[in-house]
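Note that the chains are named A, B, C and D in the order they appear, and that numbering of residues resets to 1 at the start of each chain.
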Amino acid sequence: MAQAAIPQIVARRGGWRAALRRYAHVPLLTPAVGLTVAVFWVCMAVLVVMSVYPFLAAGTPRLTLAAWQRLLGDPYYWGVVGTTLRLAFVVTALALALGYPAAYAISKIQRPGWALAAYVVLFAPILVSVVVRTYGWLLLLSNTGVVNYLLRAAGLVREPIPLIFNETGIIIAMVHILLPFMVFPILSVVGQVGGDLKEAAMDLGANRWVTFRRVTLPLTAPGVISGCQIVFTLTISAFVTPFLMGGGRVQILSGLIYRDMEAVNLGFASVVALVLLALAVVILAASNVLARRAYRRAEVERA
Amino acid sequence: MRPGRDPVRLALLAFLWLVVAFMLAPIVFTLVFAFSDASYLIFPPPGYSLRWFAKLFEQRALFAAAINSLVVATAATLASLVVGTAAALGLVRYRFFGRELLRTLFLAPLIVPRIAFGVAMLIYAVVLRRFGGLDSLFLAHLMVTLPFAISILTAALVSADRSLEEAAADLGAPPLVTFWKVTLPQIRTGLAVSGFFAFIVSWDQVETSLFLVKTDNMTLPVAMFYYLQRQQDPVIAALSALLIGVAAVGAVIAVLTVNPRDLQRVLSAGGR
Amino acid sequence: MGRRIRRREFLKEGGKAGLGLFALAQLGGATLGLAQEAAAGGAERLTLFVWSGLNLPTVAHEVARFYMQNNPGVTIEVLEGQNFEVYPKMVSARKLTPDRPLVHFGYSNTQFTYQGDIDDMWESLDLRNIPNAANVADAYKRPENRGIGFSIAPVGLIYNPNFVREPPTSWADMWHPRFRGKVTSIKYAWYTNGLVIAARLNGGSERNIDPGFRLWAERANQFVAFANSNVEVRDLIVRGDAHIAAMFGGNALTWKEQGAPIEFVIPREGTIAFPLFLVVVKGVSAQQKRIAEGVINLILSERWLARWAALTYFVPTSTKVVVPPSLRGLAMYSPQETARAIQFDWATIARNETAWRERWDKEVVARMGR
Amino acid sequence: MDVDVELREVSKHFGAIVAVDRVSLAIRRGEFFSLLGPSGCGKTTTLRMIGGLEFPTAGEILLRGAVVTDLPAYRRATNMVFQHLALFPHLTVFENIAFGLRLRREPPSVIARKVDGVLQLVDLPGYGGREIHQLSGGQKQRVAIARALVNEPAVLLLDEPLGSLDLKLRLAMQTELKALQHRVGTTFIYVTHDQGEALTMSDRIAVMNLGRVEQVATSQEIYARPRTRFVAGFIGEANFLDGRVAHAGPDGVLVAVNGLRVRAEAAPAPAGAAVTVSVRPEHVKLGVAADGAANRWTGRIEEVTFMGAVVRARVALDGGPRLVAELHNDAAAGLAPGAAVAVGWAAGHTVVLAG
């Protein structure tokens, strides 16, 4: 009987309806695959090619690792990588320090109207252009700006304190710009940590701190990690804010790219771009390992 | 303990209001400076006037840039919704070899530094002889908005009830009708959210566009960026005030139209 | 139930509107393509680049309009911008699509004119098509006529009199301790950031730049910030964030005229000469080149050079031009000043552009704040 | 008799898993037919293949004589009532029911009439304007049935539609469904894992296990004459005794079980074959009631459980095997663990199963 069934299978597989069903995903996915490959992945390939074969540079184009050697062999550039990473870590940490309690507080607001207001105020800034928000911080932080005026008016300082043209200004503005991207994912998990779970923990004799540390924190870890990932990725590649707030003094990778694009040094710009990409990939991969552990712990706690 | 008197809770709420003040500060003061009388940044403004708005309306390049941004952002949004919905359907509704690989392929642009992509896109556009055209900008923005749309719509489709689609098919609806009458209404919030995101991301794209625009044919944020490089007079503050006004209207519309519980569901799924 | 239907209709209408917009965008792309096709054959369409800001673009617009009136069938688009924004894109276009330059011809500052020599960007001009070139002093003609100098922008020092009691007198004041943390400049602008002049005043030269870097490495904290444009330099000075900077005399005088608290001085070593050129970009067709030369001839005519000088305070290179009275009295435009102006070796600077940018970042910027 | 649905050697593989294994069925017009089995037995997959929501890996499906094996759901004259109902939450009751009619472009007046009619039929007159979330569980159930029935399908497929209801409502709906089926006369194919439900409503039942059909028969026959040990065990309860056919003749059958000789009326196997003997607990008599039974032994009571209307007793026969007996409350007086008791049942109640 089994033998009899097999030729039927073969026969049925030839049916056009069956074939149509089997490949139904193909027309759905083709536009996205086509676009992503034809534009994005080709662009990535272009970067790699440019980094070793800078045919736009002056002189004879030839295969060369010179740009790579120049960057990787120079401690100065490692310093720039260091500054880029440091800025990204500081911004991420500060965004977390502000974003976590804020998200937690929003989840505690009882009146829906107020909660909505808090939502809107925290998220509306993403509707305002990055350029505008950076400009706003220039207005606030420059020597003749609002903060220094208030400090002087209050008699706290005599000379204006330099808040722009240095890392301080970049960090303040970046935290402001990226905070919503931290609060979003945290808020989405804080909301899911049910009150009954916490009550259960309290019931078991845990005090509030222990409850937070043993229940809330592990359960919100996935949100924290994805928030940190988003903020980190956006910070290391940010250009406009560091450029305008840094006064040309703070050297980061995206600034190098801009410099080399201006000097029509596309080979080196491509190398820097690829280094930036590699940093993003490595850091995200590392944090994904952390995330997976956190998920597993959260699953265990939830079960 | 009554929640109102709980000191930890009060401290948390106080902190929240500080964060809110931090978020609003640059926006509020941008509005103040828009009405400043001085031509450079100084606080408090020596006087108030509307002259920067008057000057703003003479900046035809900025308005042309705004139109460009609007066209590109609208096109990128619609395209990422259409292409993204199809792709999300393909990823969610079918099992096939290489599905996870495809998902990675789609989402990869999210982690690629945008300025790096901008560099590559310049070369790409010049080779295709589309440098400076809105079409190459559109493609560049689409690469950035599409992953957002795919991830949000995938989450929306996963949480959509598959059996409703089966029910529709069972009642005689061909696939397209099923999609239109049953699937689409279910992922409405996902569509709204991803459309909103895509629009904002495209509208506010500087790093990717920077190298792609012609100097006389820019998008708004790039035009503002170059304007700020050249000149930091309150024209940009006046323009910002207008944009903030539009954003405020947008926020109000968003609040009134989107169901917060749906939003929460989609966002929490999208955060993964 | 009414609500439902409304929502569905809304969805439908929204879909229609969306499709319409999309079609519109497509149409936009198509017309863009059509415009480009049209440029390829039939009527000529050229892009003329000019610097934005101040009154710099005015003459370009006026000349373009004048030329188009007299030559129907030719369209000249004026593209305003900064050399540093547009030049990289011009080079990319030249390398990748050699027959379709992004900009056909235009104004070019000293730095990018020489950079263009290295990148092989400029056509040799046929001076027979530019009779007015005969009036240009030989010093401003270029090898193989790859561009022609039409004006000079002398660079001196500016300061804010509200903060600076004793005006600077020498280029060396840029690195004098009394201006520590109060100097600004456009980044990598070798004519204003003091690198070349410091090398020259300390026993070096363009070919021996090390003394300049050595000096600035020690004095990195002279700089408060680097600006991205002339106007940003102005704002830094006006606000008092910076007190002095090197700047074009023309810009300084225009700002002062507009009421900014800015004074201009000629250092005792003299101004730095910064000639401005008109160039035609390689890749143009023979016909386009002839049109471009015609427009350049107009810009070099007495009428338009006088207009240029009056609008910008910059000194024309033509021997025939009547300098406006307002300019004649200014020290920096006196023949003596022009004669003793410091001439940089721009070819060397251009060859070292990338290396110097890197060294500047590594040896100077990296030391700031330490 | 017309056959509405016919399955010929239908198999369905999901990767390496065989969900449905060479199933052949013929379901008659107007029949209330149940697919019964534990979860994972392939009954739902079979139903979905009939409805066109899944497609067989092998075999053919015929609907009123036409091959529909590869026809998608929207091209088939079947309609389904889904396990979780799958009512469209964004549409009203009326629009839910009218969904199929609108797709067929029926004129609005016809739609209104038909929807009203079917709402009457399921006893929900005037509910058309309601939102789905305003309905109770039972009401949703009726809407789901109405939505399917209004299309006048050749076959109505029901996938455990009563699973989510509480016991009382479920019992009421069972009766109602059966009555409804009588009224409309449509062929019903009903999937359930609840044997009581299947027995109550069905004209015929197909019992499925591990992707295969074990037996197709009427309720009574399935209960009285299970053909396999699985069927006997799944439908109701049964005592199983392994043995060997000792004698098979026109006068009856004798099966040797651990030295006991069990009488039965018929056997599926010749003398010498290994078989299983099955007897339902309610047929096992104890004490005086066992007097005169064809099978009669003595044993010892091990355990007595009071269960309301009935009492169950576990008895160890002197020959070794244990049996469970189910007695009526009043017949159980005096039974106590440890007591010796007579055990017996009629030969007609012995079911001999092959293997």
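The rule is simple: a contact is a pair of C-beta atoms (placed from the backbone, for glycine too) under 8 Å apart; a residue touches a chain by one contact, two chains touch by 3 or more.
Everything quoted here is computed from the prediction, not taken from an experiment.
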{"item": "For chain C, the least number of touch steps when starting out from chain A", "value": "1"}
{"item": "Chain pair showing more contacts of the two, B-D and A-B", "value": "A-B"}
{"item": "Separation of mean Cα positions, chain D and chain C [Å, integer]", "value": "89"}
{"item": "Computed distance of Cα centres, chain D from chain B, in Å", "value": "56"}
{"item": "Centroid spacing, where centroids are CA-atom means, of chain A and chain B in whole angstrom", "value": "15"}
{"item": "Gap in Å, rounded to a whole number, between the CA centres of chain C and chain B", "value": "35"}
{"item": "Two or more partner chains touched - positions in chain B", "value": "41-42, 122-123, 185, 211, 229, 232"}
{"item": "Multi-partner residues of chain A (at least 2 other chains)", "value": "56, 142, 144, 261, 266"}
{"item": "Multi-chain contact sites of chain D, meaning residues that touch two or more partners", "value": "72, 90"}
{"item": "In the complex with chain D, residue positions of chain A that touch it", "value": "1-2, 4-6, 8-9, 12, 15, 17-18, 21"}
{"item": "Chain B-touching residues of chain C, taken from the complex the two chains share", "value": "11, 18, 21-22, 24-25, 28-29, 32-33, 36, 52-53, 77, 79-82, 85-86, 88-89, 92-93, 96-97, 100, 102, 228-232, 235, 238-239"}
{"item": "In the complex, chain D residues that touch chain B", "value": "51-53, 72-74, 78-80, 82-84, 86-90, 99-100, 103-104, 147-148, 151"}
{"item": "Chain D to chain A touching residues, read off their complex", "value": "9, 11, 22, 55-60, 69-72"}
{"item": "Touch list for chain B against partner chain A, complex", "value": "3, 8-9, 12-13, 15-16, 19-20, 22-27, 29-30, 33, 41-44, 82-84, 86-87, 89-91, 93-94, 96, 102, 105-106, 108-117, 119-124, 139-140, 142-143, 146, 150, 200, 203-204, 206-207, 210-211, 220-221, 224-225, 228-229, 232, 236-237, 239-240, 243-244, 247-248, 250-251, 255, 260, 264, 267-268, 271-272"}
